[in-house]
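Alright, structures below, take your time with them.
Presented sequentially are two complexes of subunit A, the first with subunit B as partner and the second with subunit C.
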Partner chain A sequence: MKDSLTTVVRSLIFVAFALILCALVFQFAGYNALTMLWAVADGAFLRSGAIEQSLRWALPLFITAVGVGISFRAGFFNIGAQGQFYVGAICAAFAAEAFKGGPAFLVIPALLISGMLGGALWALWPGLLRLRSGTDEVITTLMGNFMAGLLLVYVTSGPLKDPSGSGQQASSRPLDAAYRISDSLGLSPTIIAIAAAVGILMWLLVNRTAFGVLASLAGRNGTMVEWQGARLWKLGLSSFLISGALAGLAGTIEFMGPNGRIASGFLPAHGFTAILIALVANLSVLGTAAAAVFFGGLASAALYLPIMAGLPAAAIDIINAAIALFITARSKLVDRVLRFGGRPS
Partner chain B sequence: MNEIIIAILRSGTPLIYVTLAGVIAQRAGVWNLGLEGLMIIGACATIVGIMLTNSILAAILIAIVICVLASILLWFVIDRLKANPIIAGLGLTGLGIGGTALAVQSIFGSQASVTAPFGIPKLGPAFGAYGVLSISVAAMPFVVFGMWVLLRRTRFGLRLAACGEHPFAARSVGANPSRMRLVALSIGGVLCAIGGAELAAGSLQFFAQGMTAGRGFMAFAAVIFGASHPVGATFAALFFAVVGALGIRAQLMFGDKIPHDLLQALPYLATVFGVWLSGKLRGGTKAASSFAELKDQ
Partner chain C sequence: MSNPPKPALECRDVTVKFGDVTALSDVAVSFAPGQIHAVVGQNGAGKTTFARVAAGLVQPTAGAVDVMGEEIRTGHVSQSRAAGVELVHQSFALPPSFTVAETMEFGATGKGGIYSRKSLAEKWQSHLAGLDVQVDLNRRIRDLPIETQQGIEIARALVMDARVLILDEPTAVLSPSSIDMLFARVRRLKERGVTVILILHKIREVLGIADTVTVLRGGRKVEGPLPIAEVSAERLANLIVGDAIAKTLDRHERDALVGTKSPVGEGAGHLENAKGPSVLSMKAVSTRPDSEGTALDSVDLDIRPGEIVGIAGVEGNGQKTLVRAISALADLASGSIRLAGNDVTGEPLAARRAIGLRIIPFERNVEGLSLTSSLWQNWSARELLQGRLLRLIRPSAVREACDRSLKDWSVHYHNSAQKAGSLSGGNAQKVILAREVDREARLIIAAQPTRGLDIGATAFVWQALRQARDRGAAILLISSDLDELFDISDRVVVMLSGQVNGEFRAPFDIASVGAAMTDAAARTSA
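Take a look at the complex of A and B:
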């Protein structure tokens, strides 16, 4: 317990460090750093209705981040959450076209499942390449993100194009109101229930099943797991597929919930933020939920910053990047401070 | 034929400079995924530098200084704070993309792209059809050769490789792996600045938000594909450039039959193929194998 507390405090120290660094950078660039930090806090949690908005961003991020955590646990660096998120949303959008007119209680689950299948498909090929021929998954999943982005551009300006749409951003035809799982505010009992179900199932999977234990062991020492009689490639491929399916589910929720359609290049930072959330949470499911609320707050504040502090929304990307730069750091100084009065190391 | 070669050299040269930066980092034992960020910083700093100083030399020097500083930051986080190089590199990339967007916005108002009055000098009419290429394209083969000499034929290069492959053994003969990584990443910063400058000011003379579009990651893949050998990686980068140029060619020829968004994916697909092939030929690489150590804290 002490150890996990130390881990949390260490994460928080580096997050705070990154925030201070960003504040300095913004001050240097000619913005008022205090106004900015206040605007972030205000936009994320303090303003009335801000918590609901933060949760709206936090829930899909949580779902993707739990999946990222599972593949990281098993020792696979699947950084393709963004692509899996896109392909999931694309598959759900195609399924919505195919099932048009069906009863909502059948179509909605069918769309969610096709989104998960789509995301899993986009994680399948890097997984197979990695486990069959040892191709490094860092590069394949990264390239998969770019390819999925182009696929999204193609789909929204080609087969699924909304003919009435105008403006710079191509988007798909809107989903029938009957199949939407939330209004444009994006917080509904259905979405909360899905996120809760994902959280509980994944917590059980990680902490209470042989798969979870073996996958975590495989991340530390694959050879030992093989000696114990487990199939390493099966474990690995499953963790790839689970993480892809969850990212695809998050994409589908964004499609069926707040957005109601898919647009080219929508939510470009989702995957990266989800990776950060998983790392800040040190890959634990419960921690992921807490971290998701924090980063959901930042995402929600991004919309609020231009109005409040005159800062471009890119400011939030910079804050996220600075956190990424430091989040895996382990400073001896920080450790010494944390161990003060504790057990000797 | 000439125009295809020109197109390949134009898109390949920035990639090759950045690839060489990746090669030297790789040989020092650092998986540098910050290349994308360093490249876009170099591109942005060059264009902004031209606007501010009216001199291409000063602009490239500014870009070099900023890229080296950013590389030192990456070194500090990876080496001193023992951060995971992949996540830290992605963080630097995010800082580069977001930071350049912010910089352009705060210096020039809310412009998505900035156009400079002039760029890197061209070779000139003496070179016939190739005169439209910039001088950094012509310098590229010499830089590749210089890099090969540095890494394979000098005491420094061999020590660098030793530090990358077996830091403990290198330390026992008096080399300092940590300092070697600093030097390697700094040289990489210089190369990324030149690569970014060539991208933004070589033939285009403008900077747009997110204009590197994954080239830094492609350069990183070229490092893997080329077995972190300077010449091999250069040819890997050229291969990606050839595929890209063929894609553009195919867009012109079959644009009505194949959607051009899908043709644009060709270089990324070629990258996956290249990494797969190098894994097949030499066995897998192991970037992520030590990642689970994070949880053991």
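Take a look at the complex of A and C:
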């Protein structure tokens, strides 16, 4: 209990440090830092309707980030969430073409499943390469992101091209309204239900199954688990596939929900924000939910800032980058602050 | 000239702290020149830290070090070396792909440059010969037996005209006959005027070689340097163990723990108890060569219920591969393995564990425990792997079971959520015992189960293995400590170059076991 509390406090301190750093940057850039931070808070959570907007961004991010957390726990640094997110959306879009005209209660689940399979497929080959020949999954999944991005350009300007498109950004033909799971605002009972189901299932998997315990042991010390008789590849590959499937599911939700189509280069930062969320949450499922709401809020504020407050949307990128900086540096400073007044157990 | 000679090495109130841990506490000791000094103590007594302070590898928190009466700057290897202090580490680190001559040239001087192998070999030939290291200087380090590597390490330390040579546990890796050769070499160094400080942990070795002995316990100096003629083995044993623990040990156990005399084993033997069909039966097992150790070459091994079979051998003669082969972690080239009557030759480790195989692995902190995971996760791993991966568990129930088990094994810990890495070596080993030594255990492999443990923890592990044996489990004990092997084994099997090279029954004869360890007839050079 104390452990998880420490984790929460640590993450909050990371974020606080990052915000202070950003305030300094804004101040130097000639903005009023306090106004800027206030506008971010306002855009994310305070103004009316802000919470709904933040959740619209938070839920898909949560789904992807939970998956990232599961692969990280098992010791696989799957940083290919972005590519898996794209491939999931692409597979769902192809499935939508194939199943066109079918009854919605069959087609909608079929599309969701196709998206998950697509995402899992995009995690399968780096996983196999790692387990078969030891190829570093950080490199392969990173390359996979670029490949998926190019694949998206191809399908949206080739096989799935919307002939009526204006041409500025290639995109697919829109999904039939019957199969949409939300309007363009992007928050609907279906999406909330999917995110909740993912959250509960993954929490159970991580905290209440033998798999969860063993995968976590394997992630920290694979050799030890091998000497216990576990088959590492089984634990590792399934974690990898789950993370891919969830990223694919998030891509499918964006396709079937708020976007209604896929466009080349859409949501280019989704996967990386999800990794950041998983790290801020220290890979816990509940922590991921909280962090996703926070980063969802930032994403929503990014749209609000230029329109409502006349401030650059890039402010949000700076905040994200600052948080990433502190999280990845595993700041000793924060550990010292936490130790203050008592020894760590 | 009436002054007594200045001490070769003197530590004045040296204290070393690593964080919260005090490794050495106000140690004041002075070693006379030209003698052989032994420093003894159990694991964790501070022997190695003392050596590292003298060699400049550790900066003491307080205190000073004098060499030949001159104070040196502590914490700098270069300063210690310039003053003539050299340390040969416990696990020496010669570059395996270098030839002997290259090792001498670059290891000793640290200089690079263009050279010819032939000229290097000529240059170092006489230096090595002068120290009785007979070796072809163009051979690579990795192809040499361990005792020759040690000789080269000593020769390398002496290149810089060392006046004080510290050898950290030099006997730990050697067979009995190689120990005799090492001691002969040490005596010749003394004749040359070198002051030798030997870190040892067996009393009979101390009595056999040293002029004085100094005892450390718990980071403090207990006694010393005492002239060897003035101490009895009995007194030395009590000094090392400490009165508190000495009372809890029977005399026989204590003697085995501190290596008072040549071990012979319990004599009585439990072999009458060892009845029934073999629990482990290996027939002509050979493994494919891999990077992790000497391959097995047609090994036959049978262990029956209720016996402890010890595997003796100089490290690196296939003991690791033996454990890995039984654990399905090495590829068999030929042969078969049966476990409790089942042919498990092609079966994975999980299936073998289900039949009752348990493993206390060599590397406690790598193969045995995940140091950054919680105690309950480490403890429960074996049971969790017995069933389906996706079955639901209740962590609170697992943690309660873990608490009960760890209490039974008298592990000292705060709560089961603490990280395994926060435990001492002895407690960490007890967690592994709690996991591996259960009622269903049929064959327990104990690989170096007491390495690095203090005397209390070592006695605990021995007791646990004996109890498991008395319950009817078969135990395979791998150890490089002959005292340990002889004390608790019912049979001892010697391994050499991946083969079984002899089998012995109590009472054990250290000379013949030692001969089998090195195959003295075949290998005379060292």
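Everything that follows uses one rule, which is that the second predicted complex is superposed on the first by the 326 of 345 C-alpha atoms of A that agree within 3 Å, B and C clash if a C-alpha of one lies under 4 Å from a C-alpha of the other, contacts with A are read in each partner's own complex, and residues count from 1 in each chain.
Everything below uses one rule, namely that contacts are C-beta pairs under 8 Å (C-beta built on N, C-alpha and C of every residue); 3 or more make two chains touch, one makes a residue touch a chain.
These numbers were taken from a predicted model, which means no experiment stands behind them.
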Practice prompt. Judging by the criteria at the top, classify the pair subunit B and subunit C on subunit A as clash or fit.
Written response: fit
Discussion item. If we overlay the two complexes on their shared chain A, which of subunit B and subunit C does A:143 touch? Say first, second, both or neither.
Written reply: first
Fill in: Per-residue touch tally on subunit A - higher for subunit B or for subunit C
B
Fill in: Angle at subunit A between subunit B and subunit C, C-alpha centres, nearest 10 degrees
70
Practice prompt. Examine A:208 and indicate which partner it touches, taking first as subunit B and second as subunit C; both and neither are also allowed.
Written response: second
Practice prompt. Examine A:216 and indicate which partner it touches, taking first as subunit B and second as subunit C; both and neither are also allowed.
Written response: both
Discussion item. For A:226, using the defined touch cut-off, is the partner it touches subunit B, subunit C, both, or neither? Pick first, second, both or neither.
Written reply: second
Practice prompt. State the minimum pairwise Cα distance, in Å, between subunit B and subunit C in the overlaid complexes.
Written response: 5
Item to complete: Indicate the residue numbers of subunit A shared between its subunit B interface and its subunit C interface, in ascending order.
Response: 3, 216, 220
Worksheet item: In their complex, what parts of subunit C are in touch with subunit A?
Response: 327, 329, 348-350, 352-353, 359, 361, 363, 366-373, 377-378, 380-382, 384-385, 387-395, 414, 417-418, 422
Fill in: subunit C-facing residues of subunit A, complex
3, 204-205, 207-211, 213-214, 216-217, 220-221, 223-231, 234-235, 345
Worksheet entry | In the complex with subunit B, residue positions of subunit A that touch it | 3, 7, 10, 25, 29-31, 72-73, 75-77, 79, 129-130, 133-140, 142-144, 146-147, 150-151, 153-154, 157-158, 216, 219-220, 272, 275, 279, 282-283, 312, 314-315, 317-318, 320-331
Worksheet item: For the complex, which residues does subunit B have touching subunit A?
Response: 31, 33, 73, 77, 81-84, 86-88, 90-95, 97-99, 101-103, 105-106, 110, 213-214, 217, 220-221, 224, 259, 261-262, 264-265, 268-269, 271-272, 275-276, 279-280, 283-289, 291-297
